[in-house]
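Take a look at the structure set out below.
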Amino acid sequence: MKIVLKLTGKLFDEQYVGVIKEIIAVIKHRYSKGDRLAVVVGGGKTARKYISMGESLGLSNSLLDVLGIESSRINAMFLASALGDAGYLPIPRNIEEFLNAWSSGKVVVLGGIQPGQSTNAVAAVVAELVGADMLVNATVVDGVYDKDPSRYSNAKLLKEISIEDLEKFVRQEYLPGHYELLDPIALNVIKRSRINLVFTNAFKPTNILRVIEGDRNIGTWIKF
Amino acid sequence: MKIVLKLTGKLFDEQYVGVIKEIIAVIKHRYSKGDRLAVVVGGGKTARKYISMGESLGLSNSLLDVLGIESSRINAMFLASALGDAGYLPIPRNIEEFLNAWSSGKVVVLGGIQPGQSTNAVAAVVAELVGADMLVNATVVDGVYDKDPSRYSNAKLLKEISIEDLEKFVRQEYLPGHYELLDPIALNVIKRSRINLVFTNAFKPTNILRVIEGDRNIGTWIKF
Amino acid sequence: MKIVLKLTGKLFDEQYVGVIKEIIAVIKHRYSKGDRLAVVVGGGKTARKYISMGESLGLSNSLLDVLGIESSRINAMFLASALGDAGYLPIPRNIEEFLNAWSSGKVVVLGGIQPGQSTNAVAAVVAELVGADMLVNATVVDGVYDKDPSRYSNAKLLKEISIEDLEKFVRQEYLPGHYELLDPIALNVIKRSRINLVFTNAFKPTNILRVIEGDRNIGTWIKF
Amino acid sequence: MKIVLKLTGKLFDEQYVGVIKEIIAVIKHRYSKGDRLAVVVGGGKTARKYISMGESLGLSNSLLDVLGIESSRINAMFLASALGDAGYLPIPRNIEEFLNAWSSGKVVVLGGIQPGQSTNAVAAVVAELVGADMLVNATVVDGVYDKDPSRYSNAKLLKEISIEDLEKFVRQEYLPGHYELLDPIALNVIKRSRINLVFTNAFKPTNILRVIEGDRNIGTWIKF
Amino acid sequence: MKIVLKLTGKLFDEQYVGVIKEIIAVIKHRYSKGDRLAVVVGGGKTARKYISMGESLGLSNSLLDVLGIESSRINAMFLASALGDAGYLPIPRNIEEFLNAWSSGKVVVLGGIQPGQSTNAVAAVVAELVGADMLVNATVVDGVYDKDPSRYSNAKLLKEISIEDLEKFVRQEYLPGHYELLDPIALNVIKRSRINLVFTNAFKPTNILRVIEGDRNIGTWIKF
Amino acid sequence: MKIVLKLTGKLFDEQYVGVIKEIIAVIKHRYSKGDRLAVVVGGGKTARKYISMGESLGLSNSLLDVLGIESSRINAMFLASALGDAGYLPIPRNIEEFLNAWSSGKVVVLGGIQPGQSTNAVAAVVAELVGADMLVNATVVDGVYDKDPSRYSNAKLLKEISIEDLEKFVRQEYLPGHYELLDPIALNVIKRSRINLVFTNAFKPTNILRVIEGDRNIGTWIKF
């Protein structure tokens, strides 16, 4: 099975090293069973630090994005290093380098690629490119809710959501505020290739594993 | 002045070599006057040929995009070669190579960069990255119309359009069908950095020059 | 067995997608049986289009060659994409990148490499470099004839030809006009390393397979 | 004049953005007067974060170094971006890329290059390679002291120190503990090429400028 | 088992082709048994020729180092070519390229990487990076002696030496003059990661094999 | 003026350092007067050493060529280093890297590029690519003779030779044996673009300068 795993950059903080360890165990487990995996990681706190510093100096939005991209690449380097022989190094910096890395048969970890788009877009493009059976988007909450879970205590986790409804959420910027949005490229790529997308919680590594194993009681599954 | 010029790929056809010659003259003229220019070109007919062949073989959308990107790079190579000493070679294949090329001081021509986005997105990102004074988007018609000029003979060319209205056009897929759309990345980048965008006709090189010279009677100018 | 397959660029046209499909089946068949394959493709119609456009603009011969090389690379990209997991991406752009790609164990497809030489030269160099057991040169006709088959209806296909006679053909530019010549590098490399070269018809995929299987009744085999 | 400026990574923190701004002004000032500058920056707090996380996961020392190197590269990217048209992008990742960047005539900023050595070594090698007139090593204190200034309140700043005495400090690991050491490569390169090295305080940008202007009352100057 | 083999550049001379042949047999033997090997080679006579020529022209030390590095890369190219299908090509020129090459599963041969350090440092860094079980440093003598074997006929080969004593030798430049020293980076890396280092004689290929096989009667083994 | 200078690899030997120094003075002189120069150098003695060693190990012809190419690149590195600020580093390894280097405005030195062709071919392709006003081929003799000057004491230096006669010499392998031949690519490129080629003696730097200055009494000038 070919799996693309998108991990929120928020994971890459000293307090979450234990979680990362468990995620690594999940990745290695599936790799050892013959799965092909690509992992795309966000920039997290490091990105926010440099972007905020860049704003103080008046850098252009593209250069702020570049700082975010570089930050996500350190996170990728960290994760790939920790995968040992299962992980590919160095970190691919564009699609051509990704393809070369992918041909090695190892787990390929990467961060951002280009200003103007999020690491969600990278994950979607990579999933399409390798013909992934599944794109697991692991964020800070358990999946997609009917309202913003950070504001409404009665927000309900959706087990499924149609791509059209997901798109409406994204378009209306209505998607509950504290988790990362699909950007328009990501959405477009997922729609056009009907990529099997599931949202789950990055901070619950067991859930990531269960989603990969096909447990539809975990996370939010996108329907086409 | 820093100028990013986006040229429709439809130009790169044998019947339009004369037009290309005139566009080259415009580019060289501005370059010789001290302007810094980046030119982004689409894939045109060559792209359509390979994408159609790829569809016959059932290639994934990302790989179809890759074929389109390679096609746009030949168009870029063609244009850059024809610029002689003013043009930078080889053609940059990603943002890092673009930055290296840009530091040469020459006119940098490039095509697409990544699956999932159009060459319009590349043009917007490049414009933001170099801090362009102007992004000239040269398409197959004179600018943005109030209705689709290919269907309504009384369609009126707009001299100006607010970014909000442009966005509505794009969102509603209402933009007159036969010319190339701004994709969502392009739109987002242009909005966030308030890039000075003008639509004009690639097949009227004099108009391109006049737009660069600031003639607001030519093309459609975007207001923020 | 290590095989280098040279395919005429004329294949890469919309009307021949069916033929390409069959060639892909041949390549995948041999790959799945453990053969190592490199495939070198010409620029075909796309090359001719850009070269003719370049001539109109007065480009130097080297730059015209560069346009041809880029065109052959799109053809290579098209074929490699269509090979799915068997094909290596991205397309190598020089000998060092070829060696890296070759180490992946996948089928490596490439086009031209350098101005001043044909893709036949690339195929010969690659065959020598990997120590190929066979170089199959698939052109638009069934092999080498005693006279130009496009002019003489009684031209006879040669089952074998000595390298010396082949060289004479090439030197006298006597080789039947409508199929692609071995250029002097190709010839020199083939001679010095006594590469097992066979000419066959690219438009008859079954013949390619039979040549690879050693059927000396198909094509023209070079003797040393 | 050719100047290599080594900046402690500790600068690259949100609280010191004001200092960085002043350093940028110094760099731009000298650049505008015709100096050629290379700037080498350390990894600072970001490096320490990732190295500490890596240690928790049991990464090898080389991989910890790699994390430090990537961190220093974000700092370099940040500084180079903030230099605007004076700064070269992208950040060189090895000596060959540095040489290419240097040929652009712009200010080249870089971080680490290789596990097993510090960014001080990079600065020394770069200074030797470009034939720098001066290597300014800007740390967290005013220069070299006769004892550790963080422990002895009566530690005295040395205006000059012979390379032999500096070497003794380094060898005995006696160099005042809280500022960054010259590693053995740096020392060796500086000795063999008698590089004009001055230690000064990165947090006092005016001092950096005065050192560049030759004011021997600022910092510690190395004698050969 | 993961093995890093450091070979003195002095091997790469016409008179020693026979020895190289035997070393190749040792490498292929271990490779065929499933070992992963990286081989680092010095610059030898070619390096000395170009360095001496460079000195005549007054080149800087860094550029002299670069000439030495290029020379070691030819030696690496020579060895890797002679390994046939077991050897990776092209030769990695920096750590990132090494990591990519290493992921191929082949024997990776490399020379120097950066001015200011020896190929011994490269070997140590590579050994640390891949987590080598053993670093075999094959020089011109049988191992480490208690005095300089070229000057004292009664110099005694040490079967073991503690890393502290080895360091003292290196620091005092006391290590018998005619064989290659560990430079400070190499020493530092070996110490910090307690790399299993053995010195043996490059000109006795059987000894290299026996060291790899764990025969502690051959060469000098470093104790921690 | 744009000049491509081809230098025989035989120059790069310790005994000829003085000659190289003079050639450097010639190059710098023309560079300082505003000429653009590319210099292509052969592999010389170093190439012969490694090729002979490779033959002992039974390497394929392509790999022998690769060893020759690497050797020519050290010679190129040596020369480029010695040019100081006038010379571009690193050495380009293919045509794309050459184009990037050329855009720096510096003197670009390179060696071989690809198996199967000589450095004469590289020089011709480079001359065509940059639109050189002159290709100066500096060999071990004064130019082209009517017979082999090493065998016939009465061999006469030709002041001019038609390209057709030169071609005959090359084709008949009649060109006086001890100087380097134009290979068929070189010849073909020179013919098709009517490149202004002059043969002169590399060991007489003053002659190189006089040829560049247009003195038709020096060397052999090719007529079209």
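Read from first to last, the chains carry the letters A, B, C, D, E and F; within each, the first residue is number 1.
As a working rule, contacts are C-beta pairs under 8 Å (C-beta built on N, C-alpha and C of every residue); 3 or more make two chains touch, one makes a residue touch a chain.
Worth saying up front: this structure is predicted, and the values here are computed from it rather than measured.
S.K.: Could you give the fewest steps needed to travel from chain A to chain F through chains in contact?
M.R.: Minimum number of steps from chain A to chain F: 2.
S.K.: Work out which chains are contact partners of both chain C and chain F.
M.R.: B, E
S.K.: Among all chains, whose Cα centre is located farthest from the one for chain C?
M.R.: So the chain farthest away from chain C turns out to be D.
S.K.: So what angle, to the nearest 5 degrees, turns chain A so that its CA atoms land on those of chain D?
M.R.: Nearest-5 rotation angle for the superposition: 180 degrees.
S.K.: What's the chain with its C-alpha centre farthest out from chain F?
M.R.: A
S.K.: With chain centres defined as C-alpha means, what is the inter-centre distance between chain E and chain F in Å?
M.R.: That pair's centroid distance is 36 Å.
S.K.: When the C-alpha atoms of chain B and chain E are each averaged to a single point, how far apart are the two points in Å?
M.R.: The answer is 54 Å.
S.K.: Could you tell me the distance, in whole angstrom, between the mean C-alpha positions of chain A and chain B?
M.R.: Computed from C-alpha means, the inter-chain centre distance equals 31 Å.
S.K.: Could you tell me which residues belong to chain D and also touch two or more other chains?
M.R.: Where chain D meets two or more other chains at a single residue, that happens at 63, 66, 96, 100, 104.
S.K.: If you go through all the chains, which pairs of them touch?
M.R.: Touching chain pairs, listed by label, are A-B, A-C, A-D, A-E, B-C, B-D, B-F, C-E, C-F, D-E, D-F, E-F.
S.K.: Which bits of chain E are touching chain A when the two form their complex?
M.R.: Touching chain A from chain E are residues 96, 99-100, 103-104.
S.K.: Within the complex, which stretch of chain E touches chain C?
M.R.: 88-90, 100-101, 104, 106
S.K.: Within their complex, state which residues of chain E touch chain D.
M.R.: On the chain E side, the touching residues are 60-63, 66, 93-96, 113-117, 121, 124-125, 128-129, 131, 183-185, 188-189, 192-193.
S.K.: Can you check the complex and tell me which residues of chain F touch chain E?
M.R.: Residue list for chain F touching chain E: 12, 14, 17, 20-21, 24, 46, 49-50, 52-54, 56-57, 59, 63, 66-67, 70-71, 73-74, 77-78, 81-82.
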